[in-house]
């Protein structure tokens, strides 16, 4: 059984078909990437999966259960997680408090327990030195780490990441790849990564879905995708294969 | 039937005044994003500008009206400089309380200048009435409706046929893009406030003869203007007109046919109903994440 | 650790309040009582607005519901104030739930105008439903608060009640602030979508904040009715709602200390300005405007800035940028 599934999703905004008959499957513990040019529908797909947008047709399933019209917060409590394209953190709370609000999803912890659970993740993410700092004192890259830490504090078993590398400098990207590699090895955590950074995608993904103009134009392993003519003409460009990973 | 026609005309007349106040409110909101809680006091200032030029200075009609509107235009510019510019980076609540504070200042400035006794503002149409099929209708009320229609037409021309008006619409839709297009954004924003003040001035000058010129008249007008914009649609000019007329009619007809005491509750009740069921009003755009 | 801040606040209120009360002349004691009552209401408003970001211009309506509830129960039904208070508070809370569900789907100035409409409607109803509320004549001869045979009359004795109530409410608010529920409210204010995305039921959080604010308002309303012993529609207009909001902003939104300071300042300021004669309201408005322009984080923010002189931190920037298509 797939842990997350989008079946024949159609989503229109007025006359524009943002998603046209898109099907995506994620197996347990799998690392999947969704790539495609800007405007291809990737964020829309994430919005449909997380309940910020309702599809016109099609279904979304989590662990085999239909969640197409389920409220977002209930999906999260069922094990879904997500980060946003520009990083959405709570500006008035400090780093620790941000992560604690994520951990609070677990009703069995008291205040001290929440603190400990949050600190554990903060340490894993290399944020221990800024745990009590205000969000606005952090660099953009570290803020996105806080967002990721907060999402992980919810203990999802499917994590959706919307362009986590966007806006990061090369040092921060390396750190991100490190984290994602560690997460990839986490037992039972499936990851769906939307990214433009092809190096990261080809290195981490087991399976890649390619979207263009709202349609799925290819699906396969990194090697298959790099050789796919449709993908090359739409997105990667001929020069990519020769440039290597 | 005669009674009904009388009420209808009165309702439309009051509604026209509310519509003008609402239009000014909408112009400022669309262009600057500010919900002007002193909108009612603007109308009150318009009425008292009339008191100054008509009663105190005893100027002839056209000169007096022109001077009163000039005063209002100046006030609008002053407001832009001393209130809008300092406050505009604040949060919504800061602006709300800020404009409320300005309203308090305006009301008390008027109180200190004119005292608390109401004035009777005269109308060039005096107390003349016409007889329409048995209904006695004040010519002033008809004049109000006519003037409002003319102003609305003028505004349409301004916003659709002049570069200034189109510039104001551009600023209202997308401030950044307007700046990038080289539009003199600050000038257009200031113009929005000036225009709103002038419209409030016209509303005040027309309202004076119908009610009284009273320093406390601002708040009830503001509430009706808000109800009008909610019902009509928050960012919409046609909405402000429709909303204003609707509120005026429901007030007058409601007082007669339903209950005089609860007549205001009717307008607010409908406003709240719209907020709950159709917050974008009759004409407004669908609000997703407004505010 | 969890109890330190709440107990400190409660103790500070009782000690400082007692000290001030012992030196103030009778006339100012009355104002001090009114400040304490307003402070209870503003702490409530802090839940709704300071934490959860709900712009409520109808807070005075809930104060009025508590006040009228107590007034009607004690005068028309002959209840003891000690019974009438919890009843009025519960009734107000229930109304807040009913009103909250439809109203809280709105945001920003739509919510502001809807709550304004609520307050205006409350005024119209209380002014005209003469059978229940006495109309514009109000309800008089509300009984005194008494413990057995000891009547809590006079400003000094009432102040004990007011200060104790304020101390308890402030302490509970401080407990909430440091808890997951307080953080949830602040998260919802900062970013509703991000809150949903970590499993927070945003609707439930908003309603809770709204109801909590209504409960505090009702408590303040009951205290007001028992202090002044007379309620009328003019005591609960939208102007009062705006005053409560101004108290919170001036004191420092999002803080309990700010709520109390703002309540005290804006209750005493009209008095201090009274020497200006008929122009005092004008200067009050001017002062409000200046504070908003020059001191947007309120008195508490000013205190913070002065203390952090050496380590300058820039004001918090919003990270909630609208999503782009991908």
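Each chain gets a letter, A, B and C, in the order it is written, and its residues are counted from 1.
Methods note: a contact is a pair of C-beta atoms (placed from the backbone, for glycine too) under 8 Å apart; a residue touches a chain by one contact, two chains touch by 3 or more.
The structure displayed is predicted, hence computed values, not measured ones.
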item	value
Identity of the chain that, by mean CA position, is farthest from chain A	B
Middle chain, criterion being Cα centroid separation	C
Separation of chain A from chain B, taking each centre as the mean of its C-alpha atoms, in whole Å	50
Distance between the centres, which are taken as Cα means, of chain C and chain A, whole angstrom	42
Approximate Å spacing (C-alpha centroids) for the pair chain B, chain C	32
Where chain A touches two or more other chains at once, by residue number	none
Chain C-facing residues of chain A, complex	18, 38-44, 47, 50-52, 71-73, 76-77, 81-82, 84-93, 97, 100-102, 104-105, 111, 114, 134-137, 143, 150-151, 153-154, 162-163, 194
Residue ranges of chain B in contact with chain C within the complex	35, 83, 86-87, 90-94, 96-98, 100-105, 108-109, 111-112, 223, 226-227, 230, 234, 261-262, 264-265, 268-269, 271-272, 275-276, 279, 287, 289-291
Residue ranges of chain C in contact with chain A within the complex	2, 178-180, 183-184, 186-187, 189-191, 193-202, 254, 313-321, 323-326
In the complex, chain C residues that touch chain B	49, 55, 57, 102-103, 105-114, 116-118, 120-121, 124-125, 127-128, 242, 245-246, 249, 253, 278-279, 281-282, 284-286, 288-289, 292-293, 296
